Structure formats: C-alpha cells, structure tokens
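Below: a set of structures, written as structure tokens.
One chain, subunit A, appears in both complexes that follow, with subunit B as partner in the first and subunit C in the second.
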Partner chain A sequence: MATVVDITVEVCGMAGDGAIAAGALINEALSRGGFSVLGFDSYPAEIRGFGRCVTRSRIGSEEIVAMGAETHVLISLNEAEARSRIPFLAHRAMVIFESNPPTYVHHDSSFVAELPPDKLLFGMPLSDLASEATGATRGRNLTALGGFAAVCGINPALFIEVIEKKFKSKGEKVLHTNVKSFEAGYAYAAKEYSEKREHAFQFPELLRQDGKVMLSGNQAIGMAALDAGLKLYFGYPITPATPIMEFLAAALPKKGGRVVQMEDEIASIGAVLGSFYAGARSMTATSGPGFALMTELITHGVMAEIPAVIVNAQRGGPATGLPTKTEQSDLHAAVFGGPGDSARIVIAPTNVSECYHYTVKSFQLAEKYQTPVIVLTDFYLDNRVENVVIPRASEAETRNGNVFPPASEKGNYKRYCLTESGISPRALPGMEGYIFTATGLEHTEKGLPDYSPEVHTLMTEKRHKKIASALADLPEPEVYFGDDRLDVGVIGWGSTFGSVLEATRTSRKKGLRVAALKITSLSPLHTTIIQGFMERCSHVLVPELNYEGQLANLIGHLHHRPVVRLNLVTGTPFPPSMIIQKIEDLIHGEAA
Partner chain B sequence: MARERCVIIGNGPAANAAAAALRQETSDLDIMLIGEESFPHYRPHLLPAYVAGSLQKEDLFVTPASFYEECDIRIRLGQRVTHVKFDQRELVLSHKEIVPFDALIIACGGMQRIPERLQIFEELMLTLKTPADAQKWRAGLQTAETILILGGDLTSLSFAKALVSTGKRVQFILQEQSFWPLPLTPTLADEVKQRLTRSGVEVLEASRVHRLTQLSQDVIEVETDVGLMTANLVGAFYGLAPNVKFLVRSGLDVERGVLVDENLRTRFDLVYAAGDCAQIYHPALRDYWVSIGYKNALEQGKVAAQNLAGGMTTVAASPANIFCVEGVMVNTSWWMEF
Partner chain C sequence: MKTPGHVLAQRIRDIGESGAFRPRSDALPTWCPGCGYFGIHQALNQCLSRLELPLHNVVVVSGIGCAGRYPFFSHTYGLHTVHGRTLPVATGVKLANPDLTVFAIGGDGDGLAIGGGHFPHVARRNIDINYLLFDNSIYGLTKGQPSPSSRTGTITKASPAGTFEKPLNATLLALTYEASFVARLFAGDPNGIAAALIEGVKTPGFAFFHIYTSCVTFDKTFKTWAHLKEWVHPLPDDYDPTNRRNAFEMALEDDFSTGIIYRRD
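And now, the complex of A and B:
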C-alpha cells in the first residue's frame, strides 16, 4: 500500500532571511513532485526590516483542503523567531536549524535547549555552507532547503528545476549562486545525516504533475478578472488586497486595459461605478478599512442600480486591526453595511479555484442584476497557495450579462420600470433614444426624484425582489456526505470551509454521523436549502473566524434550536482539530 | 533563585541510572541529560536479537518518555557536547549553546572501534552499536546470503549465533588480538571457536584481513592472510573505545577513558565519570581498570549519583572479577591492551 503523506513543513525566519521565498520553492517543488500542496505565509505588518516570517506548507498524497495545526518539519532560519513555533511541533517533528551561529548562545535563551526531547534535530552550519559554496551567506535559505530535501529523501532535481525557473531571469550569476547554495546543503545533510535520516519522514516518489500551478487566491482573482474581460481597475493599496492590484498592473495593460491607483477607496468605488455605468467592466479590491469608506457609494450603486465588482479581502478588525492576520468579521458589513435597506449580492469563495470562478461570475451577476457584487475573501484565502490546474472560464461564464431595453421603449424609456423579477432593462449612456436619470435619491420608474411613501415602498420592494431573483444564478449550498439523519451538521463559509470539510471527513472515518454544508452565496441566502439541511441535524455547528458568529446570526433563526457557534479570533486559519473536538463534544453531550 | 544543575553527558545505561538515582537522592536539583544519539535509552545487548527478528524494535527501549517527565529530568537527544570548561563550570554544545552546570556526570559510553588499518574500508563494513546500525543490518539481510564477521567482541558472538538462527550462512574471522579490550588467551580462543562452530558458524582459518573490495552492489571481496573470499555483508566487531575525545584538552585526566577513583570522582569537585567511558582506579591493583557490559554501567551510574549526592560508595569490583563470555569465563577485567 502506498504511503499516505500528510506533512506540514514550516520555514521560520526574520524578515529578510528568505523564509517566504524558501516556502514558495517547497510548494512548487513538491507540487511538481505529484503532491497536493496548500501553502500559507504569515508575515509582519511592517513593510520591511524586522518581524517574524513564517511560511507553512501542508503536503499530501491525497487532496489537502485545510491547514493543519501541527508542524512536522520546522526549518529555522532564525532561532530567536523559531522559538515561538515550538508549541506547534508534532511528536517526533524534525527541526533543521543553524548549528554554527555567529555567537555563542546561553542555555537560557537557546532555541535548541527549549525543544522537547522527542524532536529530531538536524543542525546544519547554514551560513558556513552557503558562504563556502558561493562566497556569501545570502543563500542560506536555499542551503536549508537542500538539507530538507536530503533528509526527507526528496529528489533534488525537483528543487533545482524550480530554482532555475525562479532565478533564470535574474542572470547566470544569481542562478548559479542559488543552485550552489542548495547543493551545498543537500550534500552536507546527505553525508552528515545518512543514518539519522532513516528516522525522518521520507517522501515517496510520486508521478510528476507538470500541468498544475501554484496559485494564490489573489492571483486567481486577478486572472479571473482578466479572463472576464476587465477593462479598468481602480484601487488603493491595502493588505491583503494589494497583490490583486499588483497582478493586474502587470497584466491588464497588455490586454488593453488600465490600472489606476486612486487617492483613496471612495474614489476607487466611485470610478468603478462610473465605468460600469458607461458599460465597461471594472473592479476594485480592498480590505475592511477601505470597504468601510466605500459603503456609501456601494449603496449608491444599489439605489441607482449600477453594477460594480468589489473584492473585500478581510483581515483582522475592527479599524486598522490586524493587517496581516486573517479573520471573517466583515460579513455583516458586506451584507448590510451602509445606509438604508441596501440589499446586494455577496459571494464568498472557499478555495483558490472558486476565487477564480466566482470572480468571473461576479461580473455577469453585477451586469444582469445591476447591483454591486461583493466577492468576500480573507487573508488566509487571498495569500494561501494551492496547486491547481490552470483555471479557464467558459464562454458562458464570461458572457455579457447586461439586459438592454427593447427598441419598443425608445423615446419612452423607463430606466427603473417595475417588472416581475425586479430587473429593469438597462440602457448605457449614448444609446440613442434611452435618456434617463440615474440618481441616489429615491426615484420613479423614469429615474426622477420622488420621496412619496408609495414610490419608496414600491422601489424598495423592486430592489429586494431583484436581489432575491438572483438566487437562480447563485451557487447553491453544497452538502458533503449525506445521511438522512445527522448528529451534527457543520456549516462553513469562506476559507474556513476547508477546515470544516477536513473535520467532517475525519469524524466520519471515526463512524460519526456528520455532514458539511458549504454556503458560498451569503446574500441572498438559499434559505430553503439551508433549512432543509438543518432539519436533518440534531446539532448545527457553525465555525467562523469572528467573535460574533456573523453567519450564525444570519442563519440561526432557520433552525428549531440554537445553532452552536464556534468562534476563533486568533488571526490564524481555523484548525480542523478544533472542529473535530467540538463535534465529538456535541455527540457525547458535553457541550450544548 | 535558580536551582542547582547537574548535567549528565550520555543517554546509555550509566547515564540513565545516574539520573534516576540522583532524582531519588534529591528533589530540587535541575537534572539534564544530554545524549548524542537521537534514540531514547535502549539495550544494546538486545540488538542482535532485533536484527534476527526475534524482538520488536519497541522491545529495545528501556525508559518511556513519561519517566523523564514524572521525574522532572530534562532529556536532550541528538545533541553533542564539544568541550567542557571546568574552571567556568560550563559545557558547550555543537550548536554553540553554553550550558552552565554545578555538577557533572560523564557517562558518554564508548564509540565503535575499527582498527586503523581497516578504517579506509569503513564504508564497506557494518557495525552494530545503535538501533540505526541494526536497521541497516535488517535491510541488508533481506537479500544477503553470506555474512562475514570480523573481529570478535562480545556483541559479535551473540550476533553470529542470532544470524545463524535466520538461516543465513555466517562466517567468522576471529582475530584474537582484536578481542578488545580483553585479549583472548589461546585456550579461550579455541573454546570460543568451538562454541561458535557448534552454533553453526563457520570459523575461518584466516586471522588477518588485508583489503575489502566492492565487487558489485551486494558482493564484497575480502582479501585475508589465507586468500580471497566473498560475502554479501561484512560486519566489523572490534569492541568499543571510550568516547572521550572531546575531553582531551579540558584539564580532566584522560588516558583511554576518564580517570576516576574508586568512588568515580574525577580531579574536579562534583565531577564524576561512569560506565564504558571511565577508567577506574583499583587500590588493590594500583592500576586503572575498565568495565564493559550493561549491568556494570547501570551499577556505576548509580554509584556516581549516590556519591555526588554525598555518599561514599565504592564501585564493586575485585581483581578476580569475572566476566562471562558466551559461557566462557574470562578471568580478567582490567585494561590490558591499547
């Protein structure tokens, strides 16, 4: 029977040590090697110079859908920073560390001294090896990777290939330096640890997979926007949304589009509404604080029925909050944020592939339903990488969603005419015979300001009916594993759903009657389907990365008994083990 | 106020016995055990049975991790002491960590000894000192038919018999002068040969190995004083040498092992040595002697700890101390050959 691999590798260093770069190389090399890979970086909020950088890669021979809590291999590029990672080490975890630091370290402050006795230690003189091989210590992160490959029995050619790919464009000297640094570490560990490596985890050789790429959620969103025919991107930099702008700044002009850095987020959403008003697909991406600034104009889009695509890449909040930590605490803001009854579409992908497909879809939805569509992601989803087959959108997915008025309405065009679905055909400026007023004031079917009780009632109903009718085009909640009766049903959204899925799978392997429900359309909600699922469950568990239980607040009333909330605000991804524990507690009656 | 710290160098029987005894003697001492190998405390004398498949790997190990936790003993595995500064009461680990100590027990055991003239062929020979060595033997034995044992220390005798029990062809070149540290007398050598033969081991006429050559992936050619022969695996069994190189310039009295008195004290206050790495003074002999074997190491570890805690126990050994070698009584126990 083939070995089942499920290993989490962590590279930890100080900003500037190259920990993030090393992690990216691990991800790509092992992806090529045929493994399923999910990687996630954690770095300081400060721009550069100090702070701990950690990159974690979970590598599996079967599909990996979430980040685990434990680390099996820790590669330390800075022992002072790596000390904080010790509590996360699994039993018999391997630790690769600098064995010849520049100065002596007293026992009381020694990283190695703090390691529990069950850990397998692989000290390497990283700086010395890199220096001897290349004349400089800069490549010591690559030297550590060489040691990792040697100790874990990974074909070094996989790493050499990805190093060549990464550094080829930087010239022969840079490429040579990095390859030599890697080789020095590989040779040292292969010789020094020829015996000890037998006790380390050995990666089996799998069939290579060259058709997959490492893609982050943000990259997938950028690619999706391009494939959807994006013409204009307006934005203001903010973590963790900035990589979308960076990606598009490089790629969009090549396709004839433009990226404009605006003076702030208000200007960005204003420009997006202006572009869509004129018929051009446009987009902006921001995070919590920026999204807060946008809310008035988002509701302007709702009122004036102008399409917009807004990515809200959530981070820890409120206010400036935790810029480089993950959280799912903007759900209420995304669904309800802003003045008035301003229903809009909110869609939340749960993995990288969905980041692509739902972003593509959001343009069509925005056009068809003439309303802002919010793609709600979070730091963990934006920054994590998965190895996926390069996504491609179908012609049906990218098709223009605009509903234009018929010729019969020429000269007597009612921009906001009341219809069964709430959708009023929308003319673009310049279309002859379709003059109209678009305003943020309450208005008549023709768009003329009118504050009468009758008009406001009718128009409010129209706008909400329109959003409700969008359900037909929005992805339905998906049930994973179906029994008629369930002891626990776990409902997840966004990046947390991967943890929900893994926890459910694991619990079912233990014989528990558990199932998962994935909700991606958060506004409007498929309440009938959600309620149908809930009715089959003795307990409904809703794990979320927020304090208030924001999804639980939205769907809790659909169940005959209180849903069980499981909330975490540590700024880190939801560990599946926590959900598993809660499931078991519920089934065994230890928690309510 | 920080607790006083006793560091024990080693993780074998002497070191572990010392740690356990020390904890019994005193509850408020910070006890730290530093072992170079990554394995938990194991019984090396059971390795032949493990290689032969009559024991499971877990049977090798003595002390569960919970013991150290319960006894509040800090154990650090896979970490090597590179030197000891006795005047500053601190030692240095290979990764440049400085560990201060108030008391020290050196129980670092022995390292596999291969005669100098054979060291250039080291890569072609297997040894059997650790579970990692045993793992290599087990891997090699999956395809090997003929095994040649060189040397003739205590381990080799039980190992040869264990290999025979697996149905392999086992050949033995008993090098009498290599029965280290105990040279065999001609009479004892004859008796050992007879016993090996009765066990099904082919004891060869050769007495000296000149050269080893890798003929193919699984065939090694051995040139001896009586001609050429081949084997699939070759084992080197020349005993253990005290693992004390790191102490040579420390100021400690080191000959072949660490010189200690009959109470296992070194010349430094609160510094003791025990087990295979110690060379113990015997007042009756007026000379130093060395012990080998698991039980002796356990006993010495305990004695060192008791004395460190204020006792004055003497290591139990008489000039007429006797070892039992595969049923052969060896009536010498002191250092004879270096």
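And now, the complex of A and C:
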C-alpha cells in the first residue's frame, strides 16, 4: 500500500437511525480490507432521551493507537444531530447527508447551510433511494454506506460481505433489504458523483485481511475470563461494565460455569471471595460507584489473603458522575481505597489486546499472591473496538497459581506462616488435615485473632512483602523509542497511553527528542525502571483523564523535579494533538 | 462394677485423639459466661457429629459480632468475613464447591441491619446454605446498642430515651423471602436446635434457623433467660410445617413458638 491512509469516518444520527450499526459495518469492512481500525461510539445515558448517536472509526494503513481529533468523512443520518459535529470536521472534509434536490434549502434549519465552504458535500436522497429499492426507508443507513463506498472508491464487495455476515441470521428478507439499500446508495453516488468524487479521499486498493476480528475491551475481558477457566461470575449492572456480565451470561453456562446477578456490588465481591476461598476462579466487574462499595471486602481479601479478580471499568465521577463518559479518576481508589495498609495488585491495560492478556493473567496472580487483583479499565477502552488477531492464552498464562501446603504440614498447618516471600501455602476447604479459619481480623500464623504489636508488625510486613514480590510477575513499564537523553518523556497509562504513543511518534517525526513510557502495573510499581526513564528526561509529562493527576501523584516523587501534569476532564478520549502541543511548549521553553 | 476413672479418661482421650468427631476447636470461646451462644455451639457440634460429616468438608462462614467469632471455636473450615456480608460470601463458597456443607452464622445486627439487604436475595436464590441467626436483640460486641429486633422503647446508652422503631421478626422475613426451610429455636434447648439443624441440613435449598438467645451482659430486661424460658414453647403437636399459610400465621401471632415452622415439600 503506497498511500498512507489515516482517516476518521463518523456516522451521526438519532437513536433508531442505525448509526451504530452503520459504524460497525464500516469497521468490519475496512478491517477486512486490510486496515488498522479503531472505533468508538458515543451515546447518551438516557435510553430514549436526547438520543444522539455518534460512531467514530479511525482507519489507517499503519497501526492506529488513538482516536483522532478531526473527522474526515461525516455521514449524517440526522441533520439536527449532525450540526453538533461541524466543529470537528477537518479541512476539506466530506459530508454525506440526506438531501432531496431540488428541494429548497432553508437557511435556518439546514445543517448543510452552516458548513464552512471548504467541505465537500455529497447529498443523497437516502430515504427515497432506500424506499424505492426495498419499499421501506429503514435501510437508509445502508444506503448512506453505499454512498460512502462509491465516493471513496471502496470495493462494494467488501461491504456486501460484512452485511451478509451481520444479517444472515435475521432471515432472508432482512438481509435482502439491507443489501438492496446499500446497492441503491452505491449506484446513485457512483453515477451522480462520478466526477466530484475525484476531489474526495480515495482509498487505495484494498488487500484482503483475514484472521482479525473487531473486538471491544469488554469483549476481550469476557473472552479472557472464559479462556482462563472462569467458573463463576457475580455482578451487578452498571455502565460501562455490564457488557462483560451479558457476554458471560451467554457464554459461561456453555462451559459449565454460572453467572449470578447479585443484589449489589458488595454481594458480588463477597461471593467472589467465597468462591476463590473454596478454590474456584470467579470474577466481578463494576465501575467507580460499585467499586467504592466493594472496597471493604477487597481489603478483607488483602487481610484474609483470599484471591479475587475485580474489573473496575472507570467512568466519569465522583458519585454517579458521568455514566457514559470516559475518565481515569479511580486510580487512587483502586490502589489505595479502603481501610488500613491494604496493598493489592492493580493492572491497567492500555488496549484491547492487553485487556485480554492481563485479565487472563489476573487470575493466576490472584491465586499465587492470594490477594485481590484489580483490572483497571475505562469507558473508552471498554467500548472502543480494535481489529486484533483473535487472542489466545497460552497454557502458561492460564495455569493455576494456587500454592498448596506440603503433606508434611498435615495436622499442624499454619495458614499464615511467615515465609521469605510472604506467600504462605493455602489449603482449600475439603482438604483433610488443613482446617483453618480465614479472617479479616489481625491474626497469628495459625489464623487466630491477635492484636499484639509483634503480630501486627510481622503480618503487615508479610502482606506487603508478598505484594512487592509480585513485581517479578507483573508487566514491566515499556519504553517506546530510544535516545539516551530526552527533552520530554511522556508517561501514560490506560486508554490514554494510545494518545501518548501517537503524540510521541508524531513529535519524533518532527525531529523532537521525545519518548513514551507505558505503565501497566500500577500496584506494585516498578519504581526502578520508572526512575531510570525519568532520569533521562529534562521534562516528564503525565497526561491523564482526571483533574487531580492521580498517576502523577503516584510516581511524581520519583523524579528530581516536579513532573508536568496534563489533565483533562472532558469525558472524551485524550486527543493526541493536546499532548503534541504540550511537548512543543515544553521544548520551546514556554511556561510548563 | 463401676469403670475406673482412669480407664474412662483413657477412652475419652482415645476418642479425642482419633479426631473423628471433634467439631469443637482447641480455641476457647470468648463469649461471656452464661451466653446463649454456648448452647448453640453445643447444638451445632452435636449436629455435625450426628450427621457424621467429615469436618474438612464443612465451612462455617460468619460476619462480625459476638456470633461472628464462631468459626474460631469450630474444628471446621472457617471464613470470618466483614460485618453483614456472611450470606453473599457463603453463596460463593457453596457455588464454588457444592460438596461442602456450608453454615452461615451471624447475629441480629449482622443479619437484619447491615446485612439485611442480602437476606431476601440469598433466600430467594435458594442456594443450599444453612443460615443461623443468633437473635439476642442487642449489639453485644460494641457494648449494648439496640438492634433491629429490639422491642420498641429499648433503653441503652445509644437510646437513652428508648427506641422508637418497631422490631423485625426474622422468622416472618425468612418466610416472605421464600426460604425453603425455616425453624425458630431457643438457645436454652440445644437438643431442639440440633434436631432442627439436622433436618435443615438435609433439606436442599436455603435453610434458616432463627435462634432466640440471651445477652447476659447487656440485656437485663428483655430477652433474659428468665423471660425467654417463660415465653418460649414448642409448636402444637399437630402443626403442619409444610403449609406456608400456617407458617405465616404462626410466625406472626405466636412469635415464641419454637420448632420447624416451615419446610417446602
């Protein structure tokens, strides 16, 4: 592929217009066409309220790691809703919209009239075309896709293929309606805009690419839990974690497992601890408000040394906050939340593939280190789709991490015996000769309550030593791009890391000495590696989707001068352009 | 001829060392002398011995409060959780390994106040857990505050003018929540408790044991031994526990009748 492709396509409509479905088809078709695809939908918290649905798909010939700020192609299924997207249109962006020439365009109401003159307009009588082809207007979203394919030079066969895949199960009639609607749009635009399309963006010839699937972060987490041998899932509905429960509710029973919707998040984590205590892999997923309810029992897992796997899919907070917006403001809660010195393991994946692998890993870590493991994601990471090679876990990744007591301890078993690593072999109920009581009270090696200064000192140290020793099994921070000395080192975590990576790449292309550091293990921290990176940087920049700079708070003290914080609470993914701007400001000596 | 004491003692030691049926742990209960929990402890031990359950296949899950300490005094697997969360944790244990016999133990504060939100759902899920609620109508471990089952007007340091709330009837709640087995019992009658426990453990599904007991330290006026002994009486001989309508009536109108109130057919 000679031409470098990097365009963002947006489909915008009211709930019911089929915008989300159209966006999914674009992702699927262009993924098959050999591109890297990253898609993200935005929808309201209200099921039938204001109802604006926007899907954005960024399509590239090179790896796409972040959402772009600008839109190059806007497909409007509803003018009133599309109007809000005008500020995001790139120079000479294409707009495909419903128009019925020669109808008079009323300046007060038409969104087209508000578009700046540089935009390329492709009006289509979407409803009429769909209606003529199928007798109903329902397929007009597909008609618009047909127009998009024709104008941008995409082989229609790719779309037909994915339409068939998507609608095959819904019966011949539905499939036919959708295919015909698409074809009507394609034929119309190919004829009507045969000359004008030369000014539009043209996709190079598409290469077939198989073996990749469009997968969201939540789907990847669900698949990972299945592949890890999950037996039980306990949860309570909450945006944006619910899709994990729904995915498993369909898939887990087929593997002999069970999903139980509990009465609240406290019950969910309680049941997860109970299951792991009895030896079965289990999991719960929630968001900030539910996570807050869980914290007491999470620290019970820390104290009683019971494994647990908890996904915290962050959303805007505090309290009920912004249920359908993305934010990274639960880092403090995840790492420190709850009573006491309660060190636990917190991993934050940065992309869909990591969502899969770190979820698989979390079960083994929880078993081996006998502690709750929190997988910290966010709305954007949970809901965005990436085309990835179908992930598979190796036997080493899914292997049981339990450490059982040796036969020599039978009859004289010390559940919480003090060891070098802090890990004490753990018996499971049903094992003869190892009876013990797990407790959230401070306890002796035998597990009996004891509040003496000696015991609390030794046991607190044991629990922390254990977590520190987990560092060896946790993914190390990764440096992207070499150079001994750096003008700016950008440190990112979670979904923001993609934006950090893109910003760093772009800045380097401009000749700037910058690099990125990805931190996925938030607790425990690889302080030596982080410090090593910081030492090479004149400036350390930490962009995060929170106000307080929660990662900066966690690692800032490792740098010899204050780290530069870049914080956004817009509820939207971090735009790489803002990071690029900050890098340039820092290098060119502007006030940090 | 009488068996000499040293021979008897040796026999007792042999039985003890065989470990076959020794559900009592080495730890001495920390309950106050005269506490009703000793009676319940004895009854549960009796139940475990009589059912001949291998003790390593038994898990006692508890919450916080005087009753929460139970697992430490039991030679079974134990899980002493946080306040009010006994039932969901027990749910996880049972679903993870259905071969285990699971007892959930807690007081009236643990089960009806902080944990009251779990009770209906665990009962209606009908998971095979045996839930023992030790109901002495007082918070003992925090030194005598009113509980959800304290009668209206209860005077404590936390309620010097007397409580204004109506007390909850745990038996009635369990019936409403669709428990499969409901027994109302008295800590002063360990044999009665043991008999009901044996029945309840054998009944599949969620079994609830509402056990009236006395806090000798912080309740000198209401659920005293003297009062309980006076109030408690067995269910009528012809009582049919499989009739849910009867059970509601009994739970409502004669709330010190003891025995198996309800058993789903």
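What we mean here is this: the second predicted complex is superposed on the first by the 580 of 592 C-alpha atoms of A that agree within 3 Å, B and C clash if a C-alpha of one lies under 4 Å from a C-alpha of the other, contacts with A are read in each partner's own complex, and residues count from 1 in each chain.
The rule is simple: contacts are C-beta pairs under 8 Å (C-beta built on N, C-alpha and C of every residue); 3 or more make two chains touch, one makes a residue touch a chain.
Because the structure is a prediction, the values reported are computed rather than measured.
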item	value
First, second, both or neither for A:A250, with subunit B first and subunit C second	neither
Touching partner for A:A136 - first (subunit B), second (subunit C), both, neither	neither
Contacts of A:A157 with subunit B and subunit C, given as first, second, both or neither	neither
Contacts of A:I390 with subunit B and subunit C, given as first, second, both or neither	neither
First, second, both or neither for A:A80, with subunit B first and subunit C second	neither
Partner chain in contact with A:S99 - subunit B first, subunit C second, else both or neither	first
Touched partner set for A:L418, first subunit B, second subunit C, both or neither	neither
Partner, of subunit C and subunit B, that touches more residues belonging to subunit A	C
Subunit A residues touching subunit B - in the complex, by the definition given at the top	97-101, 103-107, 110, 112-113, 115, 117-118, 120-121, 123, 195-196, 198-199
Residue ranges of subunit A touching subunit C (in the complex, touch as defined)	231-232, 234, 258, 260, 262-264, 266-268, 270-280, 282, 296-297, 300, 304, 428-441, 448-449
Touching residues on subunit C, where the partner in the complex is subunit A	27, 54-57, 59, 61, 69, 71-72, 75-82, 85, 87-97, 99-100, 117-118, 120-121, 125
Partner subunit A, residues of subunit B touching it in the complex	38, 65, 68, 74-79, 92-100, 130, 132-133, 135-136
